[in-house]
Structures are given as C-alpha cells and as structure tokens.
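Note that the chains are named A, B and C in the order they appear, and that numbering of residues resets to 1 at the start of each chain.
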Amino acid sequence: MKSSSQTADPPGGADPIDGAAPAEAGSLAGRSPGQLMWRRFRRDRTGMVSACVVIVFFLLALLAPLISRLYGKDPYTTYGLDRPGLLNEFFYPVKPNGGIDGEFWFGVEPQLGRDVFTQLLYGIRTSLLIATAVTVLCLITGVVVGVTAGYLGGRTDYLLSRFIDLLLAFPAQLSFVAFTPVVYALFVSPEKETPTALRVITLITVMWALGWMGLARLLRGQVLSLREREFIEAAKVTGASPWRIIRKELLPNLWTPILVQSTLMLPTFVTTEAGLSFLGVGIVEPTPDWGRMFATGARHYQNDITYMFFPGIAMVIFVVAFNLLGDSVRDAFDPKTKR
Amino acid sequence: MRRGRDRLSDPSRPPYRRLYRKIRDAMLRFLVRRSLGAMVIILLISAITFFLFFAVPSEPAQLACGKNCDPDAIRIINHNLGLDDPVPVQYWHYLVGIFAGRDFDIGHCSAPCLGYSFRNDQPVWETILDRYPTTLSLAVGGTVVFLVVGVSIGMIAAARRGTFADKFLSSLSLVGNSMQIYFVGTIALWLLVDSWGVLDRPEYVPVTQDPVGWFSGMLLPWLVLSIIFIANYSRMTRSLMIEQLDEDHVRTARAKGMSHRTVFFRYAWRGAIAPIVTLVGIDMGSLFGGAMVTEFTFTLHGLGRLAVDSVTQKDLPMLMGVMLFSCTAIVIANIIVDALYAVIDPRVRLA
Amino acid sequence: MTSSRRHRTRLGAVALAAGALVLSACSSGGGGGSDDGPERTTDKNRASNYSLGTAADSTGPAAPVPGAKKGGTINVLQRDAFDHLDPAQIYYSDALTVQLLYNRSLTTYKVGANGRVTVVGDLATDTGKSSDGGRTWTYTLKDGLKFEDGSPITSADVRQSVERLYASFANDGPQYIPQWLSGDGQSFRKALPDGPYKGKHLPKSVLDTPDEKTIVFHFKAPHADTPYAVAMPNIGAVPAAPGKDTQQRYDSHPVSSGPYKIGTLKPGKSLTLVRNDQWDPKTDAVRHQYPDRYDISFGVQEPDSSRRLLADRGSDRQGMSFSNAVTLETGPSVLKDASTKSRTFNEIQPYVDYMAINMDRIKDKKVRQALAYAMPNGQILGQFGGARAGQVAGNLLAPSAAGWKDTDPFGKKKFPAGDTDTARKLLKEAGKEGQEIVYAYPNTTEYQNVSVVVTKALRKAGFTVQKKEIDSNNYATEISKVDNTFDIYRASWGADWPVASTVVPPLFDSRVLSDGSQNYWHLRNTAVDRDIDRINKITDVKQASAEWVTLADRILTEDVPAVPIFYNRLWSIWGSGIGGVKYHSVYGSADPSDAYVK
C-alpha cells in the first residue's frame, strides 16, 4: 500500500534515463541497468547488511534439519516431560530465564518441555515457506492481471479493475480469519489425520487470494502509461507480437516495482501468517510455527517472559532487515528517489 | 493554480458564491454516486461471503439443538432457521431481513435484521452494537495517539532534516513499523502492568459510566496499537513536509520574509494535510472493522474478538454480520476520505 | 459441546440407590506421589460427607454467617455465558450454581463450611415421604413462599414446573422425574405432548395435587433417590398463572422464588441479579441475602479471571467466579502470595476425564490394555496445570463415589508418562505392532498440547497414530455417534450425586447405547447389563455401593472400555473484599449462598 505512492512516480520522472536504457542506452556505458543497480546497491552499506541478515534467515530456515542435528535436539521431543527436573509442578521451566542453559540454548517450552531453539528454527522454516510461496503466487498473479489489464485496456481493463476494487474492499485480516476454515473445510477428509501440507496450502490459498491486488493495480497503472510511449509504439509498428512486446518491452520496465513490492510483501505475509496462528486459525500442533510461538508466549508471559523474546526479537530483526532491504533496493533502482 | 486556491476557498466574495454552490452540488452528486457504488460492493461482498460460508458442509442446527437432540429436532430447527431452503433463497431472505426485518420462530427480528446467532440465539445486530463501543474506543483513541505522535515526529524530523534527531526518529519509526502487536503488547503488559504496575490492566469500561476508568483501561491498547502506525505517519509527514518546503509558493513565502514558523505551519503543513487525511481514513476504516490482534492481546471484547470467536464457533450468522459491518465501515470511511480530500484540496475534482 | 470444555461437564443422569448417602466412610486421601500437590487431606468431596437432613434441618432461616453484613455488590466473572436460565433447561455446573440464587427446588443441598452436605427440604418442608414401597413420594410446601411478583407459590406451580418438562422445547435439562413418572427415554413426552400449555394435565394417578400445599408423585417403579432427583433445579416452582410461563422465552427471565431475581440480562455479556424482596428468609434453610446484587460478566477467560482476582484491585476486590478455575498461567503467582491462601480453595470435583476406546473398532482386548498402559496420564494432566488441576485417576470412579477404592490396575499413578514397556509387550503379544489408532481431539489450545503428548506416548509404545482434530463445538456430538470413525477420544462424566449408580448405568449399560448416549466406548457386555440390573435391585445402599465399585473395577480390567485419565479439581479464588464463599461439592463449583461483601 504505502509503497505505491513512493514507486508511482518513476515511470514519469525517471524513465528518460532508466526506462529507455534497455532499448537504446545500453550501448553507451556498456552496462545493463541490472549491473548499474547492482553497483549502486553494493555501495549501500545498510542495504548489504540487511541483505545479509535476510539471507541468514533463509539459510537458517533451509538448513534447520542440519543445524538441529549438529545441535543435538529436535523440535518435537518433549524433553521437559521425559526428563524430570526440567519442568516444575506447573510444568514451567525450573531454571531461571525460561530454562536457558548450555544444553537448551533458548530454554525449554513451558507445558510441553520442547526445545525452544529448534522450535524457532523450524517455526521460521514453516513461516518462510508459506510467506515465500504466497509472495511468488501473488507476484505471478499480480503481473499477469496487471499487465493484461493495462495492456489490453478497454473492457478487460474495466472488468479486471472492478474485480480488484471488489477484492480490495474485503477487510483483509478479517477475511483471512473468516475464510481459512472455509477453505480448510473444502480439503478435509472426514477420517484420518489431515496432513500439515493441507493446512499450509489452505493458508497459502487464502493469503494469495486476497494478497495480489495491490501489485496488480500498481502494474496496471505503469503499463497503462508505458503503453503510450514511443518505444512501444515503435515495436507495434514493426509488427512485434503482443507477447513479445510484453516480454521484451514492458516487463523489463516493470522490474523495479515488482522487486520493491516483493520485498514489502514477504515480511507482510510472514507477519500475517504469524497473526493467524496467534489468533488460532493457522498451523496447529505439532508442526512448529513462528506465529504459534507468540500465542504460547502470550499465554505464559507471566511465568516465562523469556520465551516470548526469542520469536519476538527474531521477527523484529527479520522485518527491520527486510524493510531496510526494500528501501535499499528501491534506492538502487531509482537513484532519484534517494533523499 | 495554487494561488487561486486561496481566493477560491473564500466564499464571501460574490462571484465565488455561485462557484461554491456548484461545488456543493458536485459534492452531493459525488456522495450519491459513491454511496450507490458502495452499496453494490457491499452487496457483492455479502453475496460472496454468504455463498462461501454456506458452501461448507456443517450442521448448524446441531449447535442450536442442545443435548437431548434427535434427527426430528434437527429437522425442525433447520426448518425454523430456514436452512432447508436453497442457498440463494436463504440469501434473498437474508437481504430482505436487513431492510424489512424478518420473522423467526423465536420472534420478530426488526429492521436491520442480521439474523440470530447459531450459538446462543441472540440477535446478531444487537450483539454487534453491544461490542461496538469497545472497538470504537480502541479505533478513535488509537487514531488520536498515532496521528498526534506520528505527525509530530514527522514534522520535527522535517524541520531538523539531516540532524541527529531526524536520523534517530527515522530509525525509531522504522523499528516501530517492524513491531508486532502480539509481541510488543505482551511485553508491554508484562513490563507496565505486571512488573511495574504503572498502567492499569486493559479493560473496557463504558465512557459514559466512568470516563477515568475508560481512559486508564484503554491507554495501554491505544499506545501499543499506535506503535505500528506511528512509523507510517512520521515517515509520510516527513517526506510530505520536505517536499512542500521545496515548493515554489513556500519558497516564495519564505523569501518574502515570513517567519519560519508561519511558513512551516501555514503553507507547508497545509499542503501535506491531504495525503495524511487519506491514510487516516483508510486506517480508521480498517480499525473500525475490529483490530483482532490487539483485542486478543489485551483480551478486549470488541468486534475483532467477536469475529474470531464466531469463526471458531462456526457461528455463521454472527460472522456474516461482523463481516458486513466491517465492510460497510471501510467503504464508508473511504467515501468520507474522498469527500474530505476534495474539501481540503479543491484541485481534486469530485469525478 | 459439553465434554470438550473443562468445568462444564454435564452432571450425570439416572440415579438410584437412595438413602445412599449414609455410606461407608471412605477416606478419599490417596492420590499419587508428588508432595507439591495441594493438601489432599482437606478434600471435602467425600461420600462420607453426605447425608439426608430432617425436617428441622429444612426449616429456615439459615444460620447467619459470622461476620457477614448486608449490602454491596458481588462481581462474578464467568468464562461462558450460562446457556440457560430457565430451570427446566439447566444442566451445567455454572448455571446450576447461579440458579441457587433465584430458583428454589423441592429439596436442595445444605453445604456446611466443613464440607458436610445435607439434603434438605427447600420449597418442601422435608426431603419427602415415601409410601407404596418407594413408588409414591409426597411433598408438602412450606408456608409463606412467594414468587417475585408477590403471588404465593402453590402446588399448581410445582406441577407446572414438572409438566413443562414434557413440552418439546425442554430438551437440555435432566429428565429423571418425567421419565420415572411416564416412561423411559423420550417416550415420556407422549404422556403430555404439549406440556401444560394446552390446558391438559397429567392424570392424578401420576402427578397429584390434592390441595394447595401437597404434591404427590406416583412413579412406575420404586425410586428411593427421589430426594436428590427433586433437588435438580427443574423440579421447583414455575408460575402456573396464565401468561407467566412464556415457554422458550422464560429462559431470558425466569420468575424468581429465591433471594435474588433477574435484573438485567445482556445475552452473552452480563447478567445482574437484584434482591427479591418477596423472598422470606424464614422459609429458607440454605440461602442468605447479604449482597444487594450480583453483577455477573461473561466472556472472562480463566487466565484473566484468575489474574484479576489475584491482583485484587478495584471492583475485582468484590469478585468471585462460580466455575472459572485458577489456571496454570496464574497458579505460580497465587502460591507465591501467602495472603491469598485464605481466599482460595482447591477441591476435587465429581468429574472424571476418560480416554474412551471405541470397542467397535479396537476389538482386541490386548490392544486396549496396551493403550491403557501407554496413556501418559501425568503428562496429560500437566497440560492443564498438574496436581492443582486434578489428580491422576487409577480407575473409572471419582473419589467422591460411595465405597470408592483407590485401585490402579494399569499403574497410572506410578508411570506419569505411561508404562511404555508393558504396552509394547502387550502389543507384541497381540501381534498388532504398528496398530493404527485414530485419535480424535477438540481443537483447543490445551487439547492440541494433549494431542502432542498422547501421540508421542502411543508411538513410543509401538502404535501408529492418526490424529484427527475436531471442531470443539461439534466434538461432543461427533464422538457420541455410534458409528464414529475414531478409535480413541476424550470423554468426561460427573455423577449427579456421589453414588456410582449415577455413573455405571449411564456409561456402561449396553441398552442405553445410541447416538448421543454416554456409552462412548460402545461397551456391549450382557454380563455387565445383568449386573447393573442386579445391583439396582439391592436395597441395602452400603452393599449396593460396594457392588457398583466392584463392577466398575471389573469393567475396567476385563473390558478396558476406557482409560481413566484424571479426577478434576477446582481451584477457586475470590477477592479480598468478600467472604462466605464455599465449595459446593455436588455441583463442583464455588457456592455464593453464604457470600457477603465485607
């Protein structure tokens, strides 16, 4: 949402320099816009640091099984229940600070006595998987719908735009909460265990269904203005097929908003997914989940506040890093918007 | 163009009186048109929601049936609730009920009839009205806090552009923006309520009953809720103000020797106000629909909580009602914002 | 719905053996292991604490509570809104408790501070006189009884309260009396299909009101436990005068016969009870009228109510809860603060949590035994807060059952995590290693945690587990379907009064088995049925009680229809500004009858 105001101006202002680049100006400096962007980005120290942090998070998520094997714990074993002395009579960690010690780096979970460190690792893994999937789906949908509406214009544009308006009118968070059980019920079989995958797919579907419109609307606007430009006209005159025009002429000019949007979308989906789990409509036990850790933490905060800090601080770092990364990416693409 | 605006907004001059009336008419036409559009949107949303909910196999009669329940009883309840009709017919009855009221087995349900809860047979409309003050208090109070704090921070940052204060405030708002209510809220509860006892435990007391209790009960939720919004406003205010300060008319004003303060508040601020109003409208609209996570974190019983509860309890009429109510709130908020926008900035045509 | 929520377990049905309450003294002490638990010796819910009162016991006014004074408001915090206020429909412990304040039944329980429970006449002058070998029961109303509108309570009003139970809307409450009068199951409704609403009444040979003060029940069979059955709230007084009994709508404003009446009801949100000035303390042996009003608010989750009552600030100083328990979230803080001890109690409730085994699907007894051994009772209880939320159960009956013995055939107390080795061995003997178990549980936070420990323990013992999450609202309905497709599921039951006759027949008689019945395990054992019939005929209550206990133990070891998990406890806390709160051991809740504002 908020980025739309910030990224809306580039096609108008920056295009003479950037937009024309792929077609003609490439030969001048011998550098593609991608290379230019990369050079600019590399000079941005904040951007590099936050990129590293983001990469670390993804690596942690990817390598969670390996890390937990090296660490010697898994997120499913109820250490505190199986081993006396870890949990007290109310099933809270006996040791101070949530039971942190050399063995359990982040302490043990209240009630079930699982290892917090591996819970968090695997929780991040679950959440990132969902958020990434939703982001990718939204990007694809947003690009397809936005470009179609913008390029074809006319009645198609009108219908698609009204459809987007309609979906945007749904109260987002409420709809996620309300429709998750609906979609879930469509998948569930009456007997047997419902695989976690189905839950994940449900969450992805719901978030995707109401998550792509912002990007589509933004891209539509950009395509609409690009369509009138000379180089597109030129391509049309030379008899290029619409597909070619979209691929070769339009898309290269849309990379900036797409990339910037995706750096904004991903953390939003991570927090949305966490919010759903916090409200009790997300991923359920025993699958580790970042958001459910907040629900657990909030439930036990009076007796074990330490537990809350691990998922909490991890999420703040993650979102800050992603936001900074988004800013840097935008700056790198669009030197003009830099303050 | 810009200079014209100042004269235009002065209706006391005769030649502009007609123009003023024209604007008012345009405004009226705008409101009518937008309201019609809004009705269509709300109708569509309600239809989609209704069909989605009722597409799910569930046995709502079971909920209403009680313990000594047999298939006959279920059939009767299904009939009484009209659940044995086809879904489109049910939807039609639902719509009619909203405008004309509806007769149920339990009694007549008058005009804005959103049906009865499957769970406790309570009228949906009254339940929503009952929960609404909490949500309203949360939304209004939260908005005041984030608006005042956010805009002030943004203005300070703009006024001291490039200084340490600017950078500090900017990074502060960035971190604030990355906070999650379920995290900050819990930590704040723990620190401010449980450990230090500085603030009261959040609870909703009707303002009419005990204004002080209302204020102290809502203070923490307001503060926490506003943290995540403040960043947006401070960032936006800052960049808008900087932009405005660079505008020709503002520079001219400064060149004419007007005081820094006058320039800042009279000229630059006026230019920045419109986009901020837009954002406030959008945010308030969504808050009116219920801030679920905030209400959950602080165990307040507003619309958001009602929505989540009715989801977990499969209370479809209640959920439908809340959904419709929040959609309406959002759509109305949008219309008001657009209208206000036109009032603040007459360059915007009401078209 | 019912059994998925703790503390809202429906009280048991079908009772028999009467004067049962003069029972073999059985100390309920016991309970496993750890010395961190609450002081068990103080448990009030023991069968030995129950007795039938005399006419003198039934005469008002109730003895004044030392230190009590009039005035003030008591604020009651409740998790769920009462699902009914109409006494005909009430069957949950929270609503059973609140009705004590505005509804009087023929008899009621007098709960002493020391935990002694005496059944006394309430509207009636005594606990009833039986004749015709226990088939006929006669009750005489006290003088000076009035409804809240000042009209006198007569036998016609009592008849109204009984006859309206025949109407089709009255389907949530207990149904002993109409069943005893007119036939089992739902067949009794045929005797008076429209209730009293179309001018018809039960014949005098069934229910007679010879004069304004006398009610006579003519049952089809002897029922010596009538004094308890007429203590249920639906055998009281509902105005028979035209227009007063509004059928379904009576639920929102029942006419009071007790010390308080309905002030305002905001459904799902709050209920206010105000003084009923027509109530005469001289007619009431149990209730007081100390506070001016009760403000009851709903939707206060247990962690919140306990947190607020512990904090003891503002209006919460005059706060209490009938059924919300101190949860594990606040438990440690409650214990830390020594000053709170005087405003809490922790007592055992009549409810038992079971893990039901679907015997239609798990036919091999060895597999059921393996399940019983493997069940991690201690860990399950831990998810609710450990020793203060309950105590690990060794057998099918609650310690409050008459003649209860502390048996533990599957070593549940010794192995809090389950006896994995024995279970594995049994499974191997049965040749069913890797046996698939479909485990159904309600989708609440606690039960999701429970599902983690149960799954883990069963897998360890060599089972394959299919977890099946069920929407908590439909849970009770789903698991009580005879053709359900689950193997194990949590079920719960509480006796209406502390005799196993209110437990064994409804749970284990194959003849009650139907959709919605409490034979959750689908036990079909004709030998058990025969024994139930045999024990039902035993007139010596002490002997019958012992037989019930023996039978229950035999069912557990020979049929293994369920694994007993734990006996529930209620840990209640109230504000420092009120006194007189006591434990109602029959309803398993905090009793406000003696409560006052300091």
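Here is the rule we go by: a residue touches a chain if its C-beta (ideal position, glycine included) is under 8 Å from a C-beta of that chain, and two chains touch if they have at least 3 such contacts.
The UniProt protein names, listed by chain, are C = ABC transporter substrate-binding protein.
Keep in mind it's a predicted model, so treat the numbers as computed, not measured.
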Relative to subunit C, which chain has the most distant C-alpha mean position?
A
Pair joined by more contacting C-beta pairs (A-C or B-C):
A-C
Using mean C-alpha positions as chain centres, tell me how far subunit A is from subunit B in Å, no decimals.
25
Per the C-alpha means, the centres of subunit A and subunit C lie apart by a whole-Å value of 50
Whole-Å distance, C-alpha centre of subunit B to that of subunit C, is 45
Which residues does subunit C have that touch at least 2 chains other than itself?
307, 443
Counting only residues that touch at least two other chains, what does the list for subunit A look like?
280, 295, 302
For subunit B, residues contacting two or more additional chains
312, 314
Please give the residue numbers of subunit C that touch subunit A in the complex, ascending.
34, 36-37, 303, 307, 328-333, 376, 379, 382-383, 385-388, 417, 438, 443, 445, 448-449, 451-453, 455-456, 465-469, 485
As the complex stands, subunit A meets subunit C at residues 76, 78, 81-82, 87-92, 111-112, 190-194, 280, 284-286, 295, 299-300, 302-303
Residues of subunit C that touch subunit B when the two form their complex:
1-2, 10, 81, 83, 89, 91, 168, 171-172, 175, 186, 248-249, 266-269, 299, 301, 304, 307-308, 311, 443, 471-474, 477, 516
Subunit A contact footprint on subunit B (complex, rising order)
41-42, 44-45, 49, 52-53, 55-58, 174-175, 177-180, 182-183, 185-187, 189-190, 194, 232, 236, 242, 275, 282, 286, 289-290, 292-293, 296-297, 304, 307-308, 311-312, 314, 319, 322-323, 326-327, 330-331
Looking at the complex, which residues from subunit A come into contact with subunit B?
1-2, 5, 165-166, 169-175, 177-182, 185-186, 267, 271, 274-275, 278-281, 294-295, 297-298, 301-302, 305, 308-309, 311-312, 315-316, 319-320, 323-324, 339
